[in-house]
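Next up is a structure, given as structure tokens.
Chain nomenclature is as follows: A, B, C and D, assigned in order of appearance, with residue numbering initiated at 1 for each chain independently.
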Amino acid sequence: MSKKFIGLDIGSRGAKGILLVDGEIHTAIRPTGFNMQETGDALIDELLQKSGIKKSEITHIVGTGYGRVILNFGDIPYGDVTEISCHAKGAHYLHPNVRTIVDIGGQDSKAIKVDPTTGKVTDFVLNDKCAAGTGKFLEMIATSIGLTVEELGEISLQSTKTVKVTSQCVVFAESEVISLKAQDESQADIAAAVHLSVARRVGNLLSRVGIESDVVFTGGVSKNKGMRRALEEVTKANFVELSLDAQFAGALGAAVYASELATASHKVTKIHKERDLFASLRQDLGNIKEAA
Amino acid sequence: MSKKFIGLDIGSRGAKGILLVDGEIHTAIRPTGFNMQETGDALIDELLQKSGIKKSEITHIVGTGYGRVILNFGDIPYGDVTEISCHAKGAHYLHPNVRTIVDIGGQDSKAIKVDPTTGKVTDFVLNDKCAAGTGKFLEMIATSIGLTVEELGEISLQSTKTVKVTSQCVVFAESEVISLKAQDESQADIAAAVHLSVARRVGNLLSRVGIESDVVFTGGVSKNKGMRRALEEVTKANFVELSLDAQFAGALGAAVYASELATASHKVTKIHKERDLFASLRQDLGNIKEAA
Amino acid sequence: MTQEVVTDKPKRAGYFCIYTPIELITAAGATPIRLFKGGDADTVSSGEVHTRSSFCQFAQHSVGAFREGDPLYTSIDKIYHFNTCDQMKKAVEAIGEFFDVPYQMLCLPREKSRESSRAFMRREVEVFRNDVEGLTGNLVTDERLSEEIVKHNRARLWLKKISELRKRDEPPISGGEFLELVKAFYYLPVEKNLEQFEHFFRHLSAQEDTGERPLRIMISGGIIADGDNRLVDLLEKELGARIVVEDHCTGLRPFYYPISEDKTPLDALSDGYLDTAPCARMKPLTERLDFSEKLAQEYRVDAIVYVSLKFCSCYSISLNSFVKRFQGVGIPVLDISADYSESDLGQLRTRVGAFFELIKKGEKSASTKAA
Amino acid sequence: MTQEVVTDKPKRAGYFCIYTPIELITAAGATPIRLFKGGDADTVSSGEVHTRSSFCQFAQHSVGAFREGDPLYTSIDKIYHFNTCDQMKKAVEAIGEFFDVPYQMLCLPREKSRESSRAFMRREVEVFRNDVEGLTGNLVTDERLSEEIVKHNRARLWLKKISELRKRDEPPISGGEFLELVKAFYYLPVEKNLEQFEHFFRHLSAQEDTGERPLRIMISGGIIADGDNRLVDLLEKELGARIVVEDHCTGLRPFYYPISEDKTPLDALSDGYLDTAPCARMKPLTERLDFSEKLAQEYRVDAIVYVSLKFCSCYSISLNSFVKRFQGVGIPVLDISADYSESDLGQLRTRVGAFFELIKKGEKSASTKAA
């Protein structure tokens, strides 16, 4: 009997599941609900239903994404791996020559270097504490001009004229967009400007790890064609297409990790318990700090 | 025949109109469309329809808000005044004892001091280049937990427990809210925390102008009861209610300015034309700067 | 009279900050170029690769100009940096590291009243002299240095005299135009400027009045970069006010005081640059406020617009003390927090507009802050 | 042996930065208190009234603690501030202006290799001595000062020896615990610490091995304030790694080098503090990198976590050079941009988690940056 592995990617903005059976891939997707465990269970149910496999047949589950650490699936062995490793692993599984991954998610953008022989991460850079250059930026702007992010991407491809959105801060960029609208700039040109603004910031991350081909674009924003075009324009790199919707890369990577099994479990060396040795010191410090 | 004045407040997020006839107030409101002039015309039509007055009877129009400078109403005299002055004037008209105005709008928060004898602004402070402490902050958080801003305000009143949202940046505050949700904190407590976070920032502005009673809360966010409660908590000040929906304060102020007529028009002294004197200097500078 | 060997292409010494004694550069036979371009959002974005998003956009722009290969910037042979703010210091280090531009850091003491600071500054000026001598291979003689001090003093004086024409009720030169002369000072040879400035002065002082008395504004605060025209244009071209005096390092301020021509030249430079009209990083802050007030009174300004770049620690926080001071004097202050993005012109217009409405209502005692 | 008149309540001298020669404070009969609390978001928000949103949260917290009436902070009689970064300097000015706390600014030269810097530092230390003498009314004799240098050297040495126990494969003390001893150094009388540290050392050095060899981490970068425990707890309590050495100013770094006991005491302090293990604001940056590398090698670390507070110019930009250096050495570096908000624990967990996954895969030559 072939082994069956599940990868779950419980992100802050959407949950994805992958069932891997002898190279065959089943997918499931749903919004991340209030309760992460329920979301995970629902994804598994959907995967089982789609594949006609029983729950008891599952060999191993690996979770990734924001909700990864709080999941439990009873008898089925469960481990967790960060989304950074899983994205790399998933992209590598689909396209073994990948060396650089650009991942744009809701709140984080990442540039990841991958070892093409193992699919393991060798370097990564994330955005600093600023949301410029993330999917959130696109989402806010799209909302403010009454479009979905996908529509924003589509329409940007029709741009014929270069206009600029320069503000780093999403909130001020939004007012920039409003003023471009007031100047009668077309939606297409504004959309292109917005994508270019995000691409420039992501390009800065990429230039810190160094960009090597093949480059793959993953994460929630990777479906956006305007974003891809803007990234290609900024980085001058060629992006390869994955054979699977790239937003599943994390879940797929998790499923691959599940198949590698042991890699996924953390051995945590517990810290020494609170020791008497420090008790009196703490009291002295407490005295000086509280009542001077 | 009594004089009839119109004030239009064309904000980036909504347009309001006021028709003032012998102390009688007519209101109109609509989203700010793509074309500011059309929006203004539509507000006027609505005001005329509601009041049964003819366009030709209008004595003067004053515009305020983001779209104020690009309006034109043919034969009717038109002037523009900034929203800061108009908010003060409007609040003063409704409540002559007002000395401090807190105005929270989509992108700006303002603390305004008003001369109670004239309704004129004597001091104001606006938020710096950061959207924390603005309506945008509330809006983004509300959206992320599936509520409207009004609902967010309502529900916050039911809070029973203090939780904290501390991030300055809207985007990171949103992820804080998501993690509070994951920790099973109630919507009411989260909502209260979000309002308190905005109120603290606005409180900082108020402490820079100095808060004096009576205090009035205006701007788009002023309908939000949770925000009002949080501001009262932070500032320990008593807020008085205006007899008109406070979001019309700007338009009302514009109408009052229209009645004061001449105040509204700018006399612009044009700058000297480009002069020959500078032409050769510019050429020298251009040479050094471009081709070194 | 000059003793150095002039090579075909003189070395170019770049500097960011006006506390740099450029007389030493010219005396050594190099060309001083002040690097103060700014205002372009794409250049900022490029510079951010080597800085951080929390650096002010002038610092980012400075790095970005090297990264984008701006011809003026890449023509620089060496950068001299008199210890300014942390961000510019770090920007210079990044330029050195990532674009292989040699640089020399020099320390500017902050507490200028202490004798020890004065002695230290004198030593740093020597280090600077030795370094530019090394750059060009020319020795700086006292004689050459004195000549350069005299020439630069004359150029500064012309600028001050031209500025003083703005004390008239109807200034014959706008603030925007004055900034062009300032650029000439920093980009063109002093000999050329001496001619031109005199020509400008004669021409402008002969200009006839038309009887207008525009609103008189002083701009105070941090740097207004070459290329950052939005605020000046808004105030002068759109709202019809006149900038009659600048209390910042790219306007009148650095030209206010001459360098002594009586002391030995190195002492004169050391003391003169330490005692230049102070920027916000110098201590005590009261001295800076005294100077701002002096300028405002001298030029009879109606109001002050205080500009600081977002993320500028020095000018953003000293604003509070600045406002307090002018509240006492009864001159209203508008506080603008600026960057080089193009998003906030509407907000800027509202803030300045409301400020003007407030002033015009004759509320001279009001002080108004907005950012 | 001591000559000063001890009053009932000794004066309290507050300071922020470890470049402050505290021996002069104790020799004058005052109590030095390092002000390095941080980590509380409400205090930050309160401090922002007098700073700006673009100040790092440690600076905001420092102002906020005065505004909120923190009893330790408000008990301070005078603040001494050796010219650190712009933001802290401006924070101190704001504290002085808005909470009426007297303060004295002292200048710390950056280019310590120049003889002129050394002479200048010596003069600043004298200014400092005269000022604390004025604060307490007690003269600082060379004899008293030498005593204090010896005592503080001994306390520093104990801390260094305790730290060195962490060179064992299984460190008998965690990084979190070591930070508690560091707090004792800055908050408690040195005499008391001498007793306690010896007691700790004997106790910890006798602790038996259990045979574990946890992942060995060095924390490098900017300040880890008293109260800012998230990262340390995540690394040690949640992920089971051990912080074996700190290359920052609230960990081992300031205790690494003793003050000379052979020179005359003022010279010893002046040179000793100038030559302390350097922070990122000092020049040349290579010296700072050399020290970081030395520590990492000495403590045989597996990986480095580099933390800088958001808006910290010095530590955020020197990161690039830091990463470059350790790429060469083959020790992976994770870059964390931090503040005191509670929003980002999930992000922090992912970044550190992915970094650990990368290290454990034996990719020792990889360097990883995330913020």
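Rule of thumb we're sticking to: contacts are C-beta pairs under 8 Å (C-beta built on N, C-alpha and C of every residue); 3 or more make two chains touch, one makes a residue touch a chain.
The structure presented is a predicted model; accordingly, all values stated were derived computationally and were not measured.
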Query - Both-way neighbours, i.e. chains that touch chain D and touch chain A - result: B, C
Requested in this report: Please identify which chain has its centre, taken as the mean of its CA atoms, farthest from the centre of chain B.
Outcome: D
Query raised in the report: So which has more C-beta pairs touching, B-C or B-D?
Result: B-C
**Report entry** Separation of mean Cα positions, chain C and chain B [Å, integer]
**Finding:** 36
Report summary line: Here the gap between chain B and chain D, centre to centre from mean Cα coordinates and rounded to Å, is 46
Query raised in the report: Listing for chain B: what residues touch at least two other chains?
Result: 12, 66, 107, 128-130, 172, 175, 208
Query raised in the report: Which residue numbers or ranges of chain D touch two or more of the other chains?
Result: 52, 310, 316, 339, 344, 346-347
Query raised in the report: Hey, how would you classify the chain contact layout here, line, ring, star, complete or other?
Result: complete
Report summary line: chain B partner, complex, touching residues on chain C are 12, 37, 71-72, 74-75, 174, 176-177, 180-181, 183-184, 187-188, 192, 196, 200, 203-204, 212, 214, 226, 236-240, 310, 316, 335, 337, 339, 344, 346-347, 349-351, 353-354, 357-358, 361, 363, 366-371
Query raised in the report: For the complex, which residues does chain D have touching chain C?
Result: 50-52, 54-55, 83, 85-87, 90-91, 93-94, 97-98, 105, 107, 109-111, 114, 116-117, 119-120, 123-124, 127, 281, 283, 285, 310-311, 313-314, 316-318, 320-321
Query raised in the report: Any idea which chain C residues touch chain A in the complex?
Result: 41-42, 44-45, 48-49, 52-53, 339-347
Query raised in the report: Given the complex with chain C, which residues does chain A contribute to the contact?
Result: 128, 130, 132, 164-168, 172-173, 175-176, 179, 200-201, 204, 207-208
Query - Footprint of chain A on chain B - complex, ascending - result: 12, 34, 36, 66-67, 70, 107, 129-131, 134, 136, 140, 143, 169-172, 174-175, 178, 181-182
